[in-house]
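In what comes next, subunit A is part of two complexes: it sits with subunit B in the first one and with subunit C in the second one.
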Partner chain A sequence: MDIDDILADLDDTTNIPTSSSFNTSVFSINNNNNDSSITEENSILTEDDTLIGHHNNNTHKTDNNTTITFHPEKDYQELITTWRNERMAPEILHYPDNLIKRILYYVEQQIEYIEYLSLGFDNDSTSTDNNANRNVNTMYKDKKLSLLCMEAELERVKFVIRSYIRCRLSKIDRFAIYLHQLINLDDIGNDELSKSGLVSRTEYMYLVKHSELLLNHLHNTVLKHMHENLQAIDDNNGSIDMVTKPQLDNFVFIFVRGRNQNTNDNNNKKDKKETYVVHIDDEEIDLVTGGIYIIRYNVIKKYLEEGLVVLL
Partner chain B sequence: MYGDLSNKLILEAKRAKQLRETSTSLASQLTPYQETFVRNILKEVEQLKQNAIFLHEEIVNETDPMQLKMKKCQYYVNFFAMERNKRCLLAYHKDRSDTMDSLCWDQQNLILNGGNGNKGNKHDATTLDNNNNNDDNDNDNNSNNIDNETFDINNLSHEEQVYIREYSKLITSLNGDEFADIDLNGSLVPPSEVFIDVRVLKDAGEIQTEYGVFNLIKDSQFFVRQSDVERLIQQGYLKKI
Partner chain C sequence: MSFPESLQNTFLPQEIQFIVENEPIKILPRITTRQRKQYRQGSNYDPDSKNSHPIKPWRLITTNDYNVNNMIAMKSTELPLWMAVLLKEQKKCNIIAPNWITVSNLDKYIDFELKNPMKFSSLPWNWLVIACILFTKAPDDLTDPIHLLKSRCQDLREIRLAKVQNGLAILNESHLQLDNLSLMEINEIRPYATKISDMFKNLHKNTAAGLGEDYDMHMDTSEPGASFNMTQNP
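What follows is the complex of A and B.
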């Protein structure tokens, strides 16, 4: 699948002037009456991750000093980046638990909002008196368009999440035994696993259940007929290693994003761009901020985790 | 010679893979399970196993160093033949299970329907009425004579049938609470339009959507929301135009 096409698609609605993109429409959930005002701190999440109803968020905000604020636009950008990284990386990346939780929350809110709008308009168009009818009709049409755009945008965000999760699941399938070894090696239990952050709880459940199914199947059909020394499915003494491992030395395209991707805080250093050094064998290579490189994955792995580079 | 049968099995797997890539019809996605091959290979393995035990005893009792060398050599050849057979068998089964996995994701309802009645309908986003259920039963009864698109469960071995059913269940459970809004089984092609034109390929009774009830009669055409009918397109009731 061509990423550019997808991105172009995703950008489509944001280019239509009258439409509200996903991000802005998420904002408007919380201040239904003034559509145009977009503030950055609309809804809040308490520390134990329980979600507060959006209509009384202001009161709650004063009650709880420790609240996490939502930045839908930033989260959306982050989702896209995470998704792209995941699709291009040869191994499975860390699961952004909180990000996904927030995104799913936005989606839920957006669905509700769209439902609310479509219901609201139905009432408007039937119950208004004649004088206002004309106004309402034009307004109805205008809103209909933005409603359509919102739905399209919602479908796209859903697609990105779906594609992201499916990509991870397919990686889990491919590297099932490897992941098992990795997890057993560190001796991580179910609870600590989600803390380590490689896979989510659901994904862990999937990993365990699916490999159990597969092993049962293989055992029943093949392995139980074998010599006892040959019943392992992860031996690597003999010929070829039986465990599929991610090819960490694959080449990837990277974009060096740098530490401050939005603002140029360091004005005095404007002409001198930040560089990051990587070592390949004995050679030293400078990665200049804003540059695009093709490089082996394991070389830039640590920069990817820090978010200094993104995969393309 | 030892290992010949395994080679044939691998060739069969390759052929199946090629068929999968070139053909889009559902029936050719999974070729019939090569039970005789598998059974014969397992017989061969059994024979090799006996040989190995025999040779092992001989090695333990052997005193002449020259003879010992020969016996050991024989033993290793024997062992490698077993290992090769094992790898080939595993490769064949893994290839098939991978195919079943992807089928489960794409055609979940179809598989369950083909297997045992209409279990699959309970995951349906859109509720189909009784007409549809009767339809499905009809298809099941005269299997793939009429409908090439029906998945033939008889192509699978008994173990594979168990596997595919369990895996489908697993996928359904994934879709549960956390990703309830997302529908992980949905299309992996990026959506371009909210509303699409669809043509009805098979009678599917009535479906209920937010915008009212559609009566899906063969060859009729509708303008509907894509996310509402996604499942029906996957199942082959509707076609996007």
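What follows is the complex of A and C.
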């Protein structure tokens, strides 16, 4: 199986917004822009607002009470953090479904926008008077520069997404049987996969197909020639477990980020550095905010999930 | 298969640079992008006006694009480093070097490093990459002669590297604190540090299970009172 094909496949399928809520949000943004003829600055704001509003309503129903604002900027930073954590974590981390959907949506919109700008549709009707003509000329020069930057930026985002997905795929390959056990144990159908949130739908499909091929291959080449008792692939009767599992007590570098800005503002004790207690064997260790540690992954796992620490 | 061995459990230096390049830096633009008039009102680019957008010459999805749409020549603003470098290559801006890249400030850091053999000075977490980028891409924007700065940075790097290597001696099976170590430096020692710690941990497990106290005693005496700003567990 060629990995490029898989990746291409994955890209294709993930590009299509699958959930209905997402579709509606895309739609309403477009509608909004049609109806409104407003100044540039304002319309930027409204565009952002509708984005925020709809993400709030549709994809984050749990946070109805608090108004959380979503910006591409923040999402990108979150993507970077998620990517870095994934790269350094010994196990596969939860798949941020909504985040990836939003990012892919931004990318899609940006590709359209770049195409539109590079085709020069925006210059058509201003060339009536001299002043405008001059404007168009300078605009055209500037546009090349801005296009350069926008394309560079797009490539950067694509790189992160690609690297992130490839990293996850390699983990799925490595822990295929382990993940199979894990997901089968939860006994979930395809529809409820997002509930467990460990792997995305497409990743799950990949996992199933890949492990099927692998097991078939192992069976046909080696196992079928052996005694029936020795054919199991997940035998752990002996001293050694056959299934490759993530080494959760491996050491990782962490940075203690602490609570994020929003909650920090509410806290009056800003000066006092927060500490987080972890237990290693029998001893207690305080992790100070802003500190860098080498520490076992499993003791900081819960803080990682809360976002209080990040992997370096 | 999907991810080469060299990329697993570590970052490439280029990837570290990539991460650092997302950080903002101050620049002096040589171009003006702020529109004097509002550029257009409710313009559509799609005849079906299905996907109409307000025209905005710069629209970015990774950072706030307010700054880049409101650049005024010779008025300082802040952009992500990668864009600053890109504009610099097009000769459209000057990068304002962060104030720690001066001979006098770097000398202070070197002093600190020399006086505190068990601590790292509080250089920014991305100092190595920033310095490297500025030296190669924007040598004319630095305030001090570049060869002096380069030699200071080289000194700093070597002092810190030596400290890190000494620090490997007090790696243990529990944890280690390494404040102020920059991302690039962490990435450099990552393969050793994590592997050695893992080995210690396994040894510790085995000795705790069977062989008794020999190993622990050896650990305690090996580095008397080492603190290294890396608080060793007692």
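Simple rule for what comes next: the second predicted complex is superposed on the first by the 218 of 312 C-alpha atoms of A that agree within 3 Å, B and C clash if a C-alpha of one lies under 4 Å from a C-alpha of the other, contacts with A are read in each partner's own complex, and residues count from 1 in each chain.
By our rule, contacts are C-beta pairs under 8 Å (C-beta built on N, C-alpha and C of every residue); 3 or more make two chains touch, one makes a residue touch a chain.
Just so it is clear, the model here is predicted, and its values are computed rather than measured.
In the superposition on chain A, contact is made by A:Gly291 with subunit C only, not with subunit B.
Contacts of A:Glu283 after superposition: subunit C is touched, whereas subunit B is not reached. By the touch criterion stated above, A:Tyr106 is placed in contact with subunit C alone, subunit B being left untouched.
When the two structures are aligned on the shared chain, A:Arg162 is found in touch with subunit B, with no touch to subunit C. When the shared chain is aligned, subunit C comes close enough to touch A:Glu73, but subunit B does not.
Of the two partners, subunit B and subunit C, it is C that touches more residues of subunit A. By the touch criterion stated above, A:Asp173 is placed in contact with subunit B and with subunit C alike.
In the superposition on chain A, A:Ala152 contacts both subunit B and subunit C.
Touch criterion met: A:Asp249 reaches subunit C, while subunit B stays clear of it. Within subunit A, the residues touching subunit B in one complex and subunit C in the other are 6, 107, 148, 152, 156, 159, 163, 166, 169, 173. Those residues of subunit B that touch subunit A in the complex are listed here as 38, 42, 45-46, 48-49, 52, 79-80, 82-83, 86-87, 89-90, 93-94, 97-98, 101, 105, 157, 159-160, 162-163, 166-167, 170, 174, 178-179, 181-184, 186-194, 210, 225-227. By the touch criterion given at the top, residues 1, 5-6, 9-10, 104, 107-108, 111, 118, 148, 151-152, 155-156, 158-159, 161-163, 165-166, 169, 173, 202, 206, 209-210, 213-214, 216-218, 220-223, 225-227, 230, 233, 238-239, 242 of subunit A touch subunit B in their complex. Those residues of subunit A that touch subunit C in the complex are listed here as 3, 6-7, 30, 33-34, 36-41, 43-44, 47, 71-73, 76-77, 80, 84, 87-88, 106-107, 109-110, 112-113, 116-117, 121-122, 125-126, 139, 142-143, 145-146, 148-150, 152-154, 156-157, 159, 163, 166-167, 169-170, 173, 247, 249-253, 280-281, 283, 285, 290-296, 312. On subunit C, the positions that touch subunit A within their shared complex are 1-3, 7-9, 11, 15, 18-19, 22, 31, 33, 35, 38-46, 49-64, 68, 82-83, 86-87, 90, 92, 171, 174-181, 183, 186, 190, 193-194, 197-198, 201, 233-234.
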